[in-house]
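The structure under discussion is supplied below as structure tokens; questions concerning it will follow.
Lettered A, B, C and D in written order, each chain numbered from 1.
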Amino acid sequence: MRPTVADARTSPVIRVQSEDFDVAAEIAALAGGRTDIGAIVTFTGLCRDEGGRLAALELEHYPGMAEGEIARVAQEAARRWPLTGLVAIHRYGLIRPGENIVLVVAASAHRRAAFEAADFMMDFLKSRAPFWKREHPREGGAGAWVEAKDEDEDALGRWD
Amino acid sequence: MRPTVADARTSPVIRVQSEDFDVAAEIAALAGGRTDIGAIVTFTGLCRDEGGRLAALELEHYPGMAEGEIARVAQEAARRWPLTGLVAIHRYGLIRPGENIVLVVAASAHRRAAFEAADFMMDFLKSRAPFWKREHPREGGAGAWVEAKDEDEDALGRWD
Amino acid sequence: MSVKVVYFAWLRERIGKPEETIDPPAGVTTIADLAAHLAGLGEEYAYAFENPSIVRAAIDRVHAKPDAPIAGAREIAFFPPMTGG
Amino acid sequence: MSVKVVYFAWLRERIGKPEETIDPPAGVTTIADLAAHLAGLGEEYAYAFENPSIVRAAIDRVHAKPDAPIAGAREIAFFPPMTGG
């Protein structure tokens, strides 16, 4: 009857979608009716306008691989920490400043596991999930592809 | 007209209350209409039933000092990280399993600052904010006061 | 010089009241002095302060160490290690 | 043996198409071999692969290193470093 709720409790929930997401609904699906969760950490990544320079970001993705790669990262997080729930949602398409791009929700009995799992998810999503951002400048014209940062790749070393 | 929104943007929002809080509303108050936020991290602490053993937790607090101490921790977080918003809400009174106890929301242009500030806030709230938890066993009777954990005190060393 | 003293959690329960006004005798100049003085006021106080090293204190709603001077304090609090969050 | 090759982001733009079917000649056995082969197919390919060290690849939708063998692959992808999250 409520399959996403059941899924959230047993295995990571992964979604790649163009529509926006609802943080409160995802928390409710994960935690509703449960009494064994002590900590829920959410991470929401949003589109910035870079000081007014950007009209939007366009996110291209590799359908099929994107879901699979996020699922692999999520399974690794679930293996490393005793989680009671894990959600990862990544949007694609045209996203305007102030809008959501990515959501991770990690739940556990204890706060350190929830914090570390959410942090780990974001580090690996950034460098492993096949998404590419292109800028749409407010001034018009074809914008540049966002370049990957060395610091994002370096961040993975935190989890060795 | 909407004073909490203005407050969220300029200085930490601190609340000590018996009522529940609404994570989505706090995020909206912090981020609504803004285009300079790249990352929002929320931490929600919930009451667990400890394997069915507990009927509730009762949270006693030191009125006046609780708000002041959380504000001091929040000001330190705002000093250490370039935040675009910070909220800390701590409940008191009788809280049943599955219900919320504490909320921290940290927003920043960049994800590392948001993660670290939220993590820091929780470490210091746990050991510095004057709240005491008492267990209400399902079996009835006067429950025990929860004992502080050495690991909570030790966790503060992460931020030296 | 009299000062309001407040207790929380199991200190409050052991002492049997949430607050009282204390007039510390001469020589009681720090938090540790005051705790030792209180511990001598009766069985319930002795029980509350039986392990002074784990009792925490605040002066005027700010955390205070055992050697903090209490001169000029309006409100002194004693309580167990905190368990919020 | 023919294989579907897909391109993303600026590799797709430089090559001018999102995907194509390639029949790699004998001797092209790894991702690095295939990238080198593609780079020789024309100006647009040479531009896309001008800095092969920053081009990433996947075999059947799983990340693959330059020395990964391509035998049996159904779909090989080339793309820039990822910038999601």
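For the reader, a short list of remarks on this structure follows.
Simple rule for what comes next: contacts are C-beta pairs under 8 Å (C-beta built on N, C-alpha and C of every residue); 3 or more make two chains touch, one makes a residue touch a chain.
Quick caveat, the model's predicted, so the values are computed rather than measured.
The minimum number of touch steps linking chain B to chain D comes to 2. Using the contact threshold fixed earlier, the set of chains in contact with both chain B and chain C is empty.
A separation of 48 Å divides the Cα centre of chain A from that of chain C. Note: centroid distance chain A to chain B, computed from Cα atoms, is 23 Å.
Each chain gets one centre point, the mean of its Cα atoms, and the points for chain A and chain D are 27 Å apart.
Centre-to-centre, using mean CA coordinates, chain C is 72 Å away from chain D.
With touch defined as above, residues shared between interfaces to two or more other chains in chain B number as follows: 45, 111, 122.
In chain D, 85 are the positions where the chain touches two or more neighbouring chains simultaneously. Contacting chain pairs (ordered by label): A-B, A-D, B-C. Chain D makes touch with chain A in their complex at residues 6, 8-10, 58, 61-63, 77, 79-85.
Looking at the complex, you find that chain B touches chain A at residues 22-24, 27, 31, 33-49, 51-52, 97-98, 109, 111, 114-115, 118-119, 122.
Considering their complex, residues 45, 59-62, 64-65, 68-69, 90, 101-102, 122, 125-134, 145-148, 152-153 of chain A touch chain D.
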